[in-house]
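You will see two complexes here that share chain A, one where it goes with chain B and one where it goes with chain C.
Presenting the complex of A and B:
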């Protein structure tokens, strides 16, 4: 698979009060054409900031170092018309669909604006295409829906509209930031199945952000695990459970609610998740890690290839194969 | 073709019932509607007033000076012997048009500055804010007097000077609203869709703060009307014999001293009625726009 997106040592500092606070500290990640990559981690680990960096949606005054390449072009320095042209090749689906649509414009306006403005498609033709796509995302009565307003639609329905909007411009990359988290449980799986199916059909690459390891495993080719603004492990999605390469991943696997087990097996990870700006000089996970040694406190590990993936753990090699067994007993 | 898992029935949220009232005036109550009707009447008179006026402003006969109402002259005569009712009808045009120019010019300036400040932020915002603060320090009337001294006294000069003096006030109020709107997530979503900042502002941001824009413009109209009348009163705005309510208040002054206050009183009353109506309506529109911003 050729690389479509390449993040290389991405560092992002945001302005908080008068000072700069790191939120990403050396994020490295590749997404191939048509490939789905999951990005998992506890809240505050920097998943959204990674996606927003790719979409160039960082808050005002953000400082970015390192590189983001899309189809070989450096994205971090794009401006004006080039930036707009790049953004038309990507699409983003957000956690809260209601917040991401202009509340006073009709669904029809929302869905057809891009076609009419950026591609000069006449209104009637744009509406025809919108209705067609609404049908594809499971909204059969499109003509009526086009005349409705966002507040008239349920969250699940609105998220389908957002997915339709994302597909309408035929992007090459879809950034999906917890697209089902805000929906009620019954619609979550429907929307997820739809997103997965449409993405595969269209050969669309996807960065899928979730805190649900299992969900990432179900819809993604590879999964990257994020902690304190860094990728700590990255490998094939299904191998993550059976052969975790980083103690944090193993802990996440152990902590997830197990529907098979009769008793809840919620082995909560001790301590609280750190944000990038709180990370100590050594390994960011060291103070919560059952395997940490003295050198973990002082030496910051790099993301090293191991097996078919990579891990940011000094002891990755020696712990290999023991992690998923031991963590749950700790 | 879409092999979807069985979907749960798609529910539709009911549209919330709309508050009663004319479109555009919803939620302003009876007072808002009455004020709007008064203003509509004032604007109508400004447009067709010259057609309604039974006499012209130049049909003067000093022998009629301060003569009270007669059969054909319902409000009597001014000190210079012109028909008072005709003067009021003729004066409506410049008295309403003047503030309108001020409002439109100040709003355009203020909105543009506010949007640029909110969108660009950082140093651009800081520089614009400093410029606005400096302009803010000049009272409108002072700026109009300066402008009259440099460019000659006329309604246009006074209106443009007032517009420049008011623009910072508008910019300041709208900047805060524009920053709030700009930080809303749907704007970010539009940015990712690849729309230009210009289009997003024009099609989404400005329309979404239009409630506040209209409210501020309405309130400003009242201020502009009083200020322009004052400027005309001191002879630096509308020049006689062009009829104008502000000029009439000034010219009627000699009559007031002689016990014939009709001209000043009638013109002053016209100004007060329009200003009060516009302020009451503006306040209600403003409250409504703040309410809808949540």
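Presenting the complex of A and C:
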């Protein structure tokens, strides 16, 4: 599988007040052509900033170091026409469709604007293509929908419209940032199935951001777990439960209540998740980790290959195979 | 089983030509924990509003702590007594606290209104409540903007408990929290129930959270109750198609998303 996206040592600082604050501190990740990679973690871990860095949608004044390569081209230095051409090859779907659509423009305007203004496609032809796409995302009767406004559509329908609009420019990479988090669970299942199917049909690569490990496992080939602006573990999506490589992943799995059983107490992780700017000099997870030793406080671990994945834990080799069994008993 | 602390009978709420809640009945035993499960538009939040007096029922009755609260309170004293009996914690701790008031002040305000007491007595109680929800002194006296989501939700829970309610309505109260924080709050809610004997109504769409925190559940769909019973039975052996659909839609290891036809 050839690499479509390669992040290497990506560091991003954002301007907060008068100072710069790190939000990503050395993110390294590859996405192959047609591959689906999950990015999971808690709030502030840097998932969305990773996607925004790839899409070149960081807030103004952001400082970026390290490299983002897309199909061999360095993305961080693209400008003008090259940047616009690059952006046509990627598409992004956000958590809240209502925040990313103009409420006073019709669905038809929203879906055909880019074709008409940038590609000079006549209105009738653009509408025909929009109706076709609506059909692809499971919205029949597209001609009627084009005349409707966002407030007339349910969240699930509107998210399908967003997916349709993401597919319009026939991108090679889809950045999906919690696309189903705001949806009902039955709608989530439906929209995820749609995304999964379209992605496979079109050979589209996907970076799927979610806080839900199970959901990532269901639709991704590989999953990366983020904590405090870094990737702490990365491996085949379905192995995260059975063979976690980092204590944080194991703790995350254990902390989640189980639909099949009531626990006397949940295995809560003490403390709260850290953001990159709060991370101590050693391992960022050390003060919440049941396996932490003295050296974890002082030595910053690197992301090292282990088994079929990688882990950013000094004790990864020695803890291998015990994490998911012991974390809840510690 | 003891006398229910809360009984809803034939509860109905009509907005214009839309029936949001349609003939809903349930009973919450004293010290019990009941989940109201459903998706958006199921009417579950409207039920929470009816229970807390934020909406008036079109038909049906609500009995709480031995008194009827189907109609609006007729005096300030009655309204206050209802407030002291049933408290609510909302989903979003970012919008449910006064941004200009520290946690200590907002807990004290509820305490003073509902239970009175001298300044020293109230201060002691605020400290006790902060301990109960796991807030340290700095966090207790900080403004909401200096607190994380989990810490704010602890304030909101302490604030509700300051009234010493018999019933606490938790309206998606852990839904906006990160997994590691959610586990802490769920454990804490379990401890509080053991320590104070308060009864819970949990409004939630998250079946795993429901399993963890409640004994009984009702499943709502389009304003109606489609299934009711012990939580474990409903989740292990759902009898209704809709409950089964809900359960099958929850991602888990080995799960694959399913496409349905758009209505």
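Throughout what follows, the second predicted complex is superposed on the first by the 325 of 330 C-alpha atoms of A that agree within 3 Å, B and C clash if a C-alpha of one lies under 4 Å from a C-alpha of the other, contacts with A are read in each partner's own complex, and residues count from 1 in each chain.
As a convention for this text, a residue touches a chain if its C-beta (ideal position, glycine included) is under 8 Å from a C-beta of that chain, and two chains touch if they have at least 3 such contacts.
On a predicted model such as this, the values are computed, not experimentally measured, just so you know.
By the touch criterion defined above, A:152 reaches chain B but does not reach chain C. Legend: residue contacts after superposition of the two complexes on their common chain; A:65 is shown touching neither chain B nor chain C.
When the two complexes are overlaid on their common chain A, residue A:272 makes contact with chain C while staying clear of chain B. Of the two partner chains placed around the shared chain by superposition, neither chain B nor chain C is touched by A:123.
By the touch criterion defined above, A:15 lies against neither chain B nor chain C after alignment on the C-alpha atoms of chain A. When the shared chain is aligned, chain C comes close enough to touch A:215, but chain B does not. Contacts of A:43 after superposition: chain C is touched, whereas chain B is not reached. With both structures placed on the common chain, the touch criterion links A:197 to chain B and to chain C. Looking at the shared chain after the overlay, A:138 reaches both chain B and chain C.
Annotation: chain A residues 138-139, 157, 186-187, 189-190, 193-194, 197 touch chain B in one complex and chain C in the other. Residues of chain B that touch chain A in their complex: 1-5, 7-8, 10-16, 121-122, 184-186, 188-196, 199, 203-204, 207-208. Within the complex formed with chain C, the chain A residues making contact are 42-43, 138-140, 155, 157, 160, 184-194, 196-197, 211-212, 214-215, 217-219, 238, 241, 251-252, 255-263, 265-270, 272-273, 288. Residue ranges of chain C in contact with chain A, taken from their complex: 39-40, 148-151, 178-184, 186-187, 190, 205, 207-209, 211-212, 232, 235-236, 245-262. Chain contact summary for the complex, chain A toward chain B: residues 55, 57, 60-61, 84-88, 90-92, 94, 96, 99-105, 113-114, 117-118, 135-139, 148-149, 151-154, 156-157, 165, 169, 186-187, 189-190, 193-194, 197.
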